[in-house]
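Reviewing the structure listed below.
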């Protein structure tokens, strides 16, 4: 649940400060399962996602220094969350060796019953 | 897809003009089916709902005279759409005799993947 | 997955033989849980539902003697499945004592992403 | 995400310690909206729900003293979460005056794509 | 909501005129967001989709000259809607420059709770 | 609906015998539709999927000889069902010529409202 405003005529009333509620999903992909038969440790993955979302939840995104000058649209935020997840995964947040084993990741943000955006990219 | 603003400290940044996208569902209830085996004519019901939503879609609700002074929250709009549907049904919009036969109606507005509001009441 | 045709001008092209695919859900209600902490035995409930649906699945409903002269609309079929479930429950299909303990039941048929019908009634 | 075991032959292999992941939804009902046009403060409602779930999440329910001797089935847990929410609401957790204004509440636990349980009751 | 019939023994009763209700979704993909932080103008995208669907909605597809001789299956219609969207996008319907910037598009038709089809292809 | 246990400390209480309920979806892909305008015969596809799931449903996976020594995680089972479907498709289970025409297939297992796994691969 965040607040933000957009810059640009195309956004109409959304140029003013307003709120949004996102449902966030992350999908991890790899060529073959690990020795335990897993893609990754789902407990660590959820913990990592919660930490990333904790940096954004209940915030006015306009006031976050690292997002200044950006239109924090749904599609932009999908990419932003992807980058924050990727950085943590690279430091072992979802398990040693998992960063190297994962091939790609997809982040989906659902903003309404009829609209969503996603960002996906290789992890290597 | 509407724009609106709320009045009251409890709304935080939503006191400023912002937008929302709703998924709208209507449920009709009656004690027994009609002679055709139907609750009502789903084609007429959809047409009526589209007419009601057409009065609100792509509008700034703050500028609609009939909503002035109201906080057009999701729960308020569920009731508002219920009333507009009920008025049209009473004049035969979804078929002659159907208004009398329907026992109750429920309107659901989905505003995000994790939030919805509904309004339900008898039709007689 | 059934085939059927409807009788009555209101149905337009659906007066001719056509097909439908339903998602079927059943909800059981009781005032208090049983000694095991259950509403009912979900395994027996699923088995009973499968038996009831097995009588209808891949059938041309127009050819079933017990449905002759009926418009087998989604709302009609919700009631029909309710009745068939209720009859089996009464003979102990979902466990001895459960028929007496259940207060009501609801059957939902989803016929498309935007349309469903349900039938609900007391079981006693 | 909890671990638990059930007692009783009817549960088959679920008599042994196993895990479950629930999606939890709460629905609040009242006869008329408050002065702000709201059913209740959704921010406080979510905070309260998170506190209640925080007492159960990542726990072995068999080891919680207050649940000892209970089969913590999905339907039982729906009632348990209802009671914990109700107790907090009574002490003003979702706003002063809201406890008195709410008519009833419903808690839904989704345990799989094809199974859910709910508990609903008046709040007064 | 369309009517149609199929040609070929494999279709069984669906060889006769029957109806279908589709939920339609369109997904746009590009390598990087535009200067506003957008994939495309969602308002124009919805308007364009509504225009395309308006050519088909409440029609008997068997009577549309451009579809004559085709089996208008769900998978065929996904491709048909893709082509109609692509043609409009190419003429600037969802914004100048967007046609060139989009990499690919996917159209999904949901025909029942358990069946859907999609068509996806590059836009360049 | 299966029972199973996992081997490895990472699984915590799931090392003990426990149960799971999966929603299973299969997606077939091909470059162009067949002469009837179809991806494949959905009736045969469902029949084949039911046969494959029939080998696993209501089973203790720990006791199936062909799965011995495997952790039958959701992601593993997605791959296992893929392989069983692929083998049947290769012998013509979903129609003569279809095996050669299909480009790839995807199997999705939904294990809870917030968790799923899939396996996808070319069919040729």
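We just call them A, B, C, D, E and F in the order they show up, numbering each chain from 1.
Everything below uses one rule, namely that contacts are C-beta pairs under 8 Å (C-beta built on N, C-alpha and C of every residue); 3 or more make two chains touch, one makes a residue touch a chain.
Predicted, not measured: the structure shown is a model, and the values here were computed from it.
A.B. asks: Out of curiosity, which chains are bumping into both chain B and chain E?
C.D. replies: A, C
A.B. asks: With chain centres defined as mean CA positions, report which chain is farthest from chain D.
C.D. replies: Between chain D and the rest, the longest centre separation is with E.
A.B. asks: Given that chain D and chain F are copies of one sequence and touch, is their interface built from the same residue numbers on both sides (over half shared) or different ones?
C.D. replies: same
A.B. asks: If you average the Cα atoms per chain, which one ends up farthest from chain F?
C.D. replies: B
A.B. asks: Starting from the mean Cα coordinates of chain C and chain E, work out the distance between those two points in Å.
C.D. replies: Centre-to-centre distance between chain C and chain E: 33 Å.
A.B. asks: If you average the CA atoms of chain A and of chain C, how many Å lie between those two points?
C.D. replies: 42
A.B. asks: Express in whole angstrom the distance between the two chain centres, defined as the mean CA positions of chain E and chain F.
C.D. replies: Roughly 29 Å separates the two chain centres.
A.B. asks: Spell out, as numbers or ranges, the residues of chain F touching 2 or more other chains.
C.D. replies: Counting only residues that touch two or more other chains, chain F contributes 115.
A.B. asks: Which stretch or stretches of chain E touch chain A in the complex?
C.D. replies: Residues 33, 36-39, 41-42.
A.B. asks: Which of the residues in chain D end up touching chain F in this complex?
C.D. replies: Residues 3, 12-14, 16-23, 60, 110-115 of chain D touch chain F in their complex.
A.B. asks: Enumerate the contact residues on chain A facing chain E in the complex.
C.D. replies: Contacts found on chain A: 6, 8, 10-11, 70-73, 75-76, 79, 115, 117.
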